[in-house]
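Shared chain: subunit A. Partners: subunit B in the first complex, subunit C in the second.
And then the complex of A and B:
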């Protein structure tokens, strides 16, 4: 029976959905429940990872230290993971401390064409004897072969697994299947997939990934995450078990953990709304949903038009300023919110 | 002070062992001037140790010029070499050199960054360093009035993947690296370097030798380098399990630094123009056994953990040179057995308080 490692970023990606306001008490409660359920890795932190709390990206309710030490104390068997994006986080400022706070798994992430930014960070974590994975975000923006080339860099730097993210929930299962096959055949390290649910495909895409050879999957309680949410972990684990894959997770206790998350952490369960569908189709980062909706309202524009235009321009996370620019230009073109975009 | 003495004694003893009774065979080097590009790297440092040992114990009277982009760490790690009057340090990038020391009779071109991580991050720069750097060095070597041999350090990687049925790769094997990915940036750069040497030998009648180094072990390696042996030593120094990707059956072979330097000096001073030699050990060892051997050197041996990888990780990779040509043509042999090499290497890193992390 094939073993799948399930990593749970509820307390990291979910932080996007509550503007990074997850509390220490919530971290403790969910970690205890996840630990009881036997989830292998629990990822904790600001939505954009360690060191990212800022006015620009959103100030977190808790410091990295508060979140990670609380999680560490609550996790007896599960490993503690973090997401880190070079630039937001640095080795001296963040990684050294994260090791002191007991983080086990370091997921070093970059935009899908910029793996070389992660060299020093991956090298550093490896020399400290910790587990380090390479993660590429917005992976739908490049071809299978380019993604493989970038992933190979991370493998060379010392990454012990590679995860690609469907940050805007754009993939369809067949695309995931061919992508994973390319990666599995071209890499020596395990391949993983992190899904988003903009088109309602997160679980289906994750299943396609394991069928093509992926052995690492991400999933969040109730799908708690940016935009339309992530792959729903309790559904994912149930489906994997039914298909004959082994996760080592106790389903009843996992369902308890998800119930707890819904009750104690989620202000509302993520669902696929109109903006999420458009963001998924346009291939724009799910986290743009709130600012796009706000700016659309200010300019009396249709948020959908803004999303599609951002997608055409291949705008990525960190380029939020373009939302305003696009809104200005659409306004100048005479879009008044009543036009229907046909794409 | 005691640590420093232990640190240099390990190296000096190794040089004496590797030289054995062969010093006199290197008589062509007496009272000559040797220049090494990339002179402060692993092989450059070992060459310096052996050449200064020839001066100290056999009155060779060699003047040594070391050219490198970065000499600060050399002065820090090997102050006993950096401060010598017969060792001259030149901080320069070989791509932009305007001249080589005029009195150079023997030139070893060893400049190049073998760190695979940098090849993937900076493929264009890597190619440029190898191509423009080698062309620059040979163009300047042609101008040297007393030059007797230019030894170009190529790479064992130029053969491409070693066929599974081939126990060791001989120099006349005509395999080549794949051109489909960045993994061949370094090896292709080195192939080009060999052709530069061949072209200068033909057109300028510059005496040249191409040497293809494989894997090494010993003091002066950086523990943070992405090599199996250094990774295993670092894990053991920090009392943590040794992790190997795949099933640990990958085969490599390791030559100790002082043996490599002595072999290079024989190839430089006794070879004939146009020679090609592999440089390394033909005694293979799988990575799992290597990890265990290294771990056993420590008072608290750590477990060796094999981590599952994809199908690529399960493929058995082999990279082991045939050294028959050097053995028969130059009468060379390994003077430091592998077990001693591991023992001395670990001892050296321990004496460095955890090594050059």
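And then the complex of A and C:
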């Protein structure tokens, strides 16, 4: 029976859904439950990872240090993971400290065409003897072969696994299948998939990924994550069990952890709302949902128009300041939400 | 005045085109390390003396220049700086090495002639620091300033990419020093969209009571000042207050000298470097005239 590593970014990606306001108490409670359930890796932090608390993306309620040391103390068997984007965080300011705080798994991430930005960070983590994975975001924006080429760079730098993210929730299962096959054939490290649910495909896409040879999957309690949410971890683990894959996770205790998350952390369970469908179709990062909705309201614009315009301009995760500029421009063009354009 | 450029990548080559256009500067040598680099070939086509011997060329031919632009990398500049200092060259450092005095022509051009090594900070720093300075001059109780730049992937060569951490540290340091704010953060995004995006920089500030009345004229005047040496510098939005933060958005279009117009990031740091080099050349010239007339 094949073993699948399930990594749980509830306390990281979920932070997008609450404007990065997850508290220390919530980190502790969920980490204890996840640890009991035997989830192999628990990822913790600001929605965009360590060092990303900012006016651009949202200031976190809890500092990286508070979140990570709290999680560290609560995790007995599970490994502690972080997401790290060069350009937001640096070795000196962030990675050195993360190592001190006891992080085990470093997921160094870049936009899907920019793998070379991660070289120094991946190499640094390797020299420190910690586990490092390469992650490429917004992966729907490139072809299978370009993604493979970029992933190979990360493998060369020393990444011990490679994960690609469907940051906009744009994939359909068939695309995931061919993409994973290309990656598995071209890489010698494990391949993983991180799904978003904008088009209701997160679990189906994750299933397609393992069928094509992926051995790492990300999932969040109740799908807690940006926009329409992520792959729902308790559904994912149940489905994997039915398919005969091993995860090492105790399903009953996982369901308890998910119930606890819903009760203690989630203000509302993510669902696919109209804005999420549009952001998935437009290929815009799911994390833009909250700021786009806020700015649309401030400018009396239709959020859908903003999403399509951002998609047209190929704006990537991290460029949240462009929402404001696009809103100004749409407003100047006289879009007031009443004349919805045909796209 | 004769100048040399070390570093034949995107920045160095764009700089060369600007030097050839300057009335005050003359390129004595364009120096790389790899004989088949695109930049060296371009320089040869332009009829400029080239070498692939790195810093050694200047050590062996000290008369080739009075001023050296270092467009290598932070790591290389740490080695180059003491050598150039011994040779008595005025150095304009375009790497984020932070060895010399930080120079933002719209803010402190005159003070930068006092020592022999000036640092041009970073492209994002050149775009954002004048605005951060204006915020520092006009606002009370500034809690925090943050600058976010987006540049086209194609405009960032290997050294720029490898120096991403240094870019962040150096930009943050510049923001702190020029704005007087302790808390500063810099963020850089590389966007691969085709056609390429123009360089864009957003400056956010958290201020207890934003005073836009005072800020607006100061921003306007400093933008006009920058336009003198960076023609493609443009105020796109603001200053405005949104979601409790001051926001100013800047777009920088390049002159299209080496890379196309979108590479405003190359243009702004190089235009700033030319501005200080010309100032130095003029100061040197007037000293010479004075001493001959005495």
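Keep in mind that, in the parts below, the second predicted complex is superposed on the first by the 333 of 343 C-alpha atoms of A that agree within 3 Å, B and C clash if a C-alpha of one lies under 4 Å from a C-alpha of the other, contacts with A are read in each partner's own complex, and residues count from 1 in each chain.
What we mean here is this: a contact is a pair of C-beta atoms (placed from the backbone, for glycine too) under 8 Å apart; a residue touches a chain by one contact, two chains touch by 3 or more.
Predicted model only: the values in this text are computed from it and were never measured.
Q: Between subunit B and subunit C, whom does A:228 touch in the aligned arrangement: first, second, both, or neither?
A: The answer is neither, since A:228 touches no partner chain.
Q: Answer with first, second, both or neither: which of subunit B and subunit C does A:56 touch in the superposed model?
A: The second partner, subunit C, only.
Q: If we overlay the two complexes on their shared chain A, which of subunit B and subunit C does A:116 touch? Say first, second, both or neither.
A: both
Q: With the two complexes superposed on chain A, say which partner A:236 touches: subunit B (first), subunit C (second), both, or neither.
A: neither
Q: Counting touched residues of subunit A, say whether subunit B or subunit C comes out ahead.
A: C
Q: Check whether A:87 is in contact with subunit B, with subunit C, with both or with neither, and answer first, second, both or neither.
A: Second partner only, subunit C.
Q: Kindly list the residues of subunit A that each of subunit B and subunit C touches, one partner per complex.
A: After superposing on chain A, subunit A residues 116, 119 contact both subunit B and subunit C.
Q: Quick check: in the complex, which residue numbers of subunit B touch subunit A?
A: So the residues of subunit B in touch with subunit A come to 116-122, 181-183, 223-224, 226, 234-235, 238, 240, 243, 245-246, 307-313, 357.
Q: Enumerate the contact residues on subunit A facing subunit C in the complex.
A: Within the complex, subunit A touches subunit C at residues 54-56, 86-88, 90-93, 111, 113-114, 116-117, 119-120, 141, 294-295, 298, 313-316, 318-319, 321-322, 324-325, 328.
Q: Spell out the part of subunit C that touches subunit A in their complex, as residue ranges.
A: Touching subunit A from subunit C are residues 144, 146, 148, 150, 153, 158, 161-162, 164-165, 168-169, 185, 187-193, 197, 200, 202, 204, 206, 236-237, 242-243, 245, 247, 249.
Q: Can you name the residues of subunit A that touch subunit B in the complex?
A: 116, 119, 123, 127, 129, 149, 152-153, 156-158, 160, 184-191, 213, 215
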